[in-house]
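This is the structure I want to talk about, given as structure tokens.
As written, the chains take the letters A, B, C and D, and residue 1 is the first residue of each chain.
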């Protein structure tokens, strides 16, 4: 009975997002219609959360089988893993939708607005389908749809040549990734005789090692491309920044997580762990991803690009956890594997919260100042206090500071590394503890990066007219931001809220795993530390009594202007200097006029990062294909006699083939 | 076994030699009209072959086929070709991309290859080697003419030679296909030639030449 | 009882902190043949600052006002992890060293934000440099602690200390030496001492920490100064607890505690002497040599971690 | 008698239309005749569905496979006629190039293609196949421009040569059948050949030889690489409705012929030999066409190469065999034809509104021609095989089969080429659809006939991607049953 009702909930969800919202928006351009559509999306979000809870409780897992209506089995089901990601999708969608309502109103004409909302709804739907799919067919349909719809959302914002190029790269890489993902599913076919998840899972253990290794690698590449692992990240810093901010929030916050979902689903659920080397491969790639991601992020001045690179970094952290878990699994230590998996999944959830918060914050900033260039911002905290507070929470979370949610997951990851020293294997014993250093470096750099971000955007003096005259964001936008911020804080101080379910989930995925003791201890200690920090803070705050405004110290000069302030570029200079090898900067100083070197009227200085994955890794590959295409094209000479010759040659070679067939 | 019977025997045993001769001559022919004449000759030999087979195997249907071959390939098509050449006012050179010497060598190689092919593939067919080799040689020659002669008319002619080869192969291996099918095939050939004729007019109208190797605007 | 003891330890760290800084300054002065200020002077200064009115730059927002408070709270919380005279700490048995390190990071994060909020170039400069130093210092800091944790097979600081207490004094392994060296180097960087930062300078070319606090005054400045003193003290206590814990009380008996306290004072004094000698003898590093300094520390700590697998066998 | 009806209508209709000099009258008559023809085809399909098969004399026969292809012909030709009725408003009055000639030739073309599907005899099938070339050659050269004449000539010659080999193959098969002891009179009848297939298998060399010639011959018509050379020229230069017919119906008919042979040969000498050839040609077609898609400049040539690529996909499906492979291949013939018609229709609109088909000369279409853009987009997304469009389903099936058979080389080629094709299409589309438009056609709105044709095609592509209708599914099953 209850199962039936949750199934009905499923249908309602699909119908609302997939049919009702687009139809309403296409049919009517009235304000009321749009409100109704938004309300439907929100309702669907809540319904999804409810379903996720049901799914997690297990005994009445929602299931919807549409196979009777589709050419290949298409069914959706919410098991524990799906439930967790469904919760993630829906929980983030709600505040983003609330934020997006005023945002789209302010930014788009009526026609584009309706299209945007329709695609927005489909985008959410596709992600729900991906995380709840119970057959390979359903998964792939959702997966492709997700890419397409998000590309559409980016293109609605504008279609200049550069944007087109970026979207093109996005689509192309996603398509190649999707091919790898499809291959993952299909590789099971000879053993599972069907793409039903149950059948795949059942066949996973009995497959030859070679195929398992190939599936693992295909999954790593396919989902890695979607997640943005370096060097497959190329599309990410291109596509995310150019989307409208709420869409960036969805893309960075949720869409990347579907890749994590897919990877976990395949490696843990279907394969039950990869080959012995899988953990090392994932760890190395993840470490590189995390480090380079954050280094690139620091060097960025465009807020949204910075956030996109930071997504790359966080994906690196998530995969560090997953790699550790695989390593534990390979050495037969399910408890450690559970700890690392919980860490990775927790970070997945956290990143969904704070990255969507930050992208929404960027949206609020661009809405108020018409710029997301950090060098042109500044002083926003006084002008947009609530937005600033929410973004500050996001920055603290993403920097992995205690009392905020990002810390908890990083802490768990640290502890899983440390637990690695207890493994029997010497290689793992060395590698895992050393990873602490990598993650610490990533964490330290992330903190630096977000000091810079918040500091140069919100603090100090405004450095442009836009920032000078910025106004607080409208109510809906603030509401979305505050909701997400509250989520970060809640999970940061009471991580047990999510940890306990996650441990259950990990136990379901990793048979034989107990409850990692670390998950209990962190849940207990964090509220205490919070109490101490806040208590002490409150106590000392009592000392503060009077204050008086006084001009900032300017070494005795009449005053400071915003030009004298530290900008984003300058702030990151020391780190860029130290890591010059990573960036390979190309510096250019131009003095005007050129003939009077000692009395320049203006000096312009430009420093460009030249590390280009596109040029080094992708271009040659593309060029080979293109040149091959041109060569093949030359075969199509236009001369009919040559064409006839081809036919004869084909015939002759087939006859020769036939001759040797016997 | 009267006189007709002896003639039949002779035709069946020696026609392949004549066919090889036409092949070699086609290779060196420089004028379209010569080639057309050679084609007519070739078709006549084949027609004779059809009649001989009909007589020997007592296939009444085959007489009709033979008559069709004679009417279409020996009479109608060459006439049509001459008409075309006249109406198109084209230079009568075949515009070969190989010299006559090369052509002859290639033709000889084709004949050799045909025998080789018959020896390696023909084991299953239990028919005399020579006629089958001739059929294959005709097919290959047709192909060779189409590839090496630049005039549109010569391509048509090459196609016809190729078709002759196929027809011959069918004849000697199976004594021809069912009559309805044969008639259909002839109809197709006629229609095809008609169309190609139309197109040669269009080519000469549009491009003011008939050199198909210069039709290279569409490529890539 | 234990709770009381733990709270007492935290209070020791907090209240004794200004004294540590003053003693080091005094020692340095003596080394430089100066008399130096009274060792009680920092208390007076704190008292004075806490009572004064606060000057706030016009660009400052709430973050500027919040930063010192968070810094102080976080530092106090961090101090709660460190055992001083007894092999336990207020938070030491449940929280681990990761939490400790990140608590310090929390404070630093807010202090940097506060510095940027002042709107002057000095604040930005200090914050920017601090970002570099601290981001590079975190890895060796954690790795050094990890090596000990791996040996002790515990992650909570109290447990690590208890494990070390159980070892023979002369059974010190290479891991300990490597880890101690790297942690000591990190401690110098973290607390803004020579040769990474000069706590006494206000010269813009060199300063890091002082640059950040330039705009602060009154109670806020007091909290910041106090917090950095606590940090210094806590770091010293941490080094002592991890590497020279012998003599620490493991039970709550008054006698043991007294001995432990005295020993603690002696050990701290030794470290302070060492520190003042270093600070007097070493010149400050050029800004861009600091990464090399921390790189050495990182390498040492990584080696320490690698060596653990041999030591454990 | 029923089988004669769909053959008689177009032949008589072609003659009738020639009597109407008024273009509008000719158009109306053509639509009327088209409607009747579709009804007749529908009746045939229905009767086949009801009775399993229909036989008319010795030479005409319809079974499940014919019915499936006839249905495709009916649907696509219906769409094409509707589209053409609006398209011909752009057409001038020439000697052979007037609407009445256009329709007359189209009906002849349809006649030949329908009779290919209705032939019970492989010889007749060959005749009609050659007939398709003849009937459509004039249509390809319809515009009588330089390009059209060139394309028409190439089409005629290359296809005739190719198809001559198919004749030779047919003869060899006939020889094998006769040698195997079959009655020469029925040795070309498909049903008796299928029944006698195991016996024919006693002459394996001949059967294989036959298949080699047939696959080269009909492969020329299908557009397998390297015999495909006529295809892009003909598609690009023909009037748009004809391009759609060529791509969506003619290629399928040739594929249909090949399937018949494949069935016989598989049954007589085992599936391994014909299937490996199909796989080879499929893979070659996919690779070469996939690469050439990247470097095309003309929209219709792009579509033509995409047709080659899809024929390759179908060949791979056939070559894999198995339930899913066959299912995918058959479904793909239909899906591809609808999607490709939609694309050619859009291309026709673009040519009229933009005056060019060169893709580098077109930009900002999404602003100036939103409806055509939508159609182009739907068609493009479908043709590169993305869900929720129909081609995804068939490609999914074929890919499943390839994986299930562990044919990893095929799989890799398949996936790589699909990605390359996707890249090519995305690249060209972005250039055409986005950006600032540089010319503003004044009348870019679709007229009702175009609207109906394109809308129906788009809906079909979408609908079949979500669900295969029951009746269609049954027909598909029946078609598969014929081949297995």
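The definition used in the following text is that a residue touches a chain if its C-beta (ideal position, glycine included) is under 8 Å from a C-beta of that chain, and two chains touch if they have at least 3 such contacts.
Since the model is a prediction, treat every value here as computed from it, not as a measurement.
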Weigh A-B against B-D on C-beta contact pairs and write down the one with more. B-D
Rounded Å distance between chain A and chain B, as computed from the means of their C-alpha atoms: 70
Could you give the separation in Å between the centres of chain B and chain D, each centre being the mean of its C-alpha atoms? 32
Gap in Å, rounded to a whole number, between the CA centres of chain C and chain B: 101
Whole-Å gap separating chain A and chain D, where each centre is the average of the chain's CA atoms: 43
Residues of chain B that touch two or more other chains sit at 121, 143, 146, 155, 212, 215, 217-218, 220
Contacts with two or more other chains, residues of chain C listed in rising order: none
Would you please write down the residue numbers of chain A that are in contact with two or more other chains? 633, 636, 640, 644, 655
Please give all chain pairs that are in touch with each other. A-B, A-C, A-D, B-D
Can you list the residues on chain D that touch chain A in the complex? 153-154, 157-158, 161-162, 165, 205, 208-209, 212-213, 215-216, 220, 226-227, 229-230, 232, 273, 277, 288, 291-292, 294-295, 366, 381, 386-388, 392-393, 396-397, 399-400, 402-406, 411, 415-416, 418-420, 422-423, 426-427, 430-431, 433-435, 466-468
In the complex, go through chain B and note every residue touching chain D. 121, 123-125, 139, 143, 146, 152, 155, 159, 162-163, 166, 169-170, 173-174, 177-178, 180-181, 184-185, 187-188, 191-192, 195-196, 198-199, 202-203, 206-207, 212, 215, 217-218, 220
Touching residues of chain D toward chain B in the complex: what are they? 59, 121, 123-124, 126-127, 130-131, 133-134, 137-138, 141, 144-147, 149-154, 156-157, 160-161, 164, 167-168, 171-172, 174-175, 178-179, 184-185, 188, 203, 205-206, 209, 232-233, 236-237, 292, 295-297, 301
Under the definition above, what is the set of chain C residues touching chain A in their complex? 50, 53-59, 61-65, 68-70, 72-74, 76-77, 80, 90-91, 94-96, 98-99, 101-103, 105-106, 108-109, 112-113, 116-125, 127-129, 131-132, 134-143, 146-147, 149-150, 153, 155, 214-215, 218-220, 222-223, 287-288, 291, 298, 301-302, 305-306, 308-309
In the complex, chain B residues that touch chain A: 97, 117, 120-121, 143, 146-148, 150, 155, 212-213, 215-220
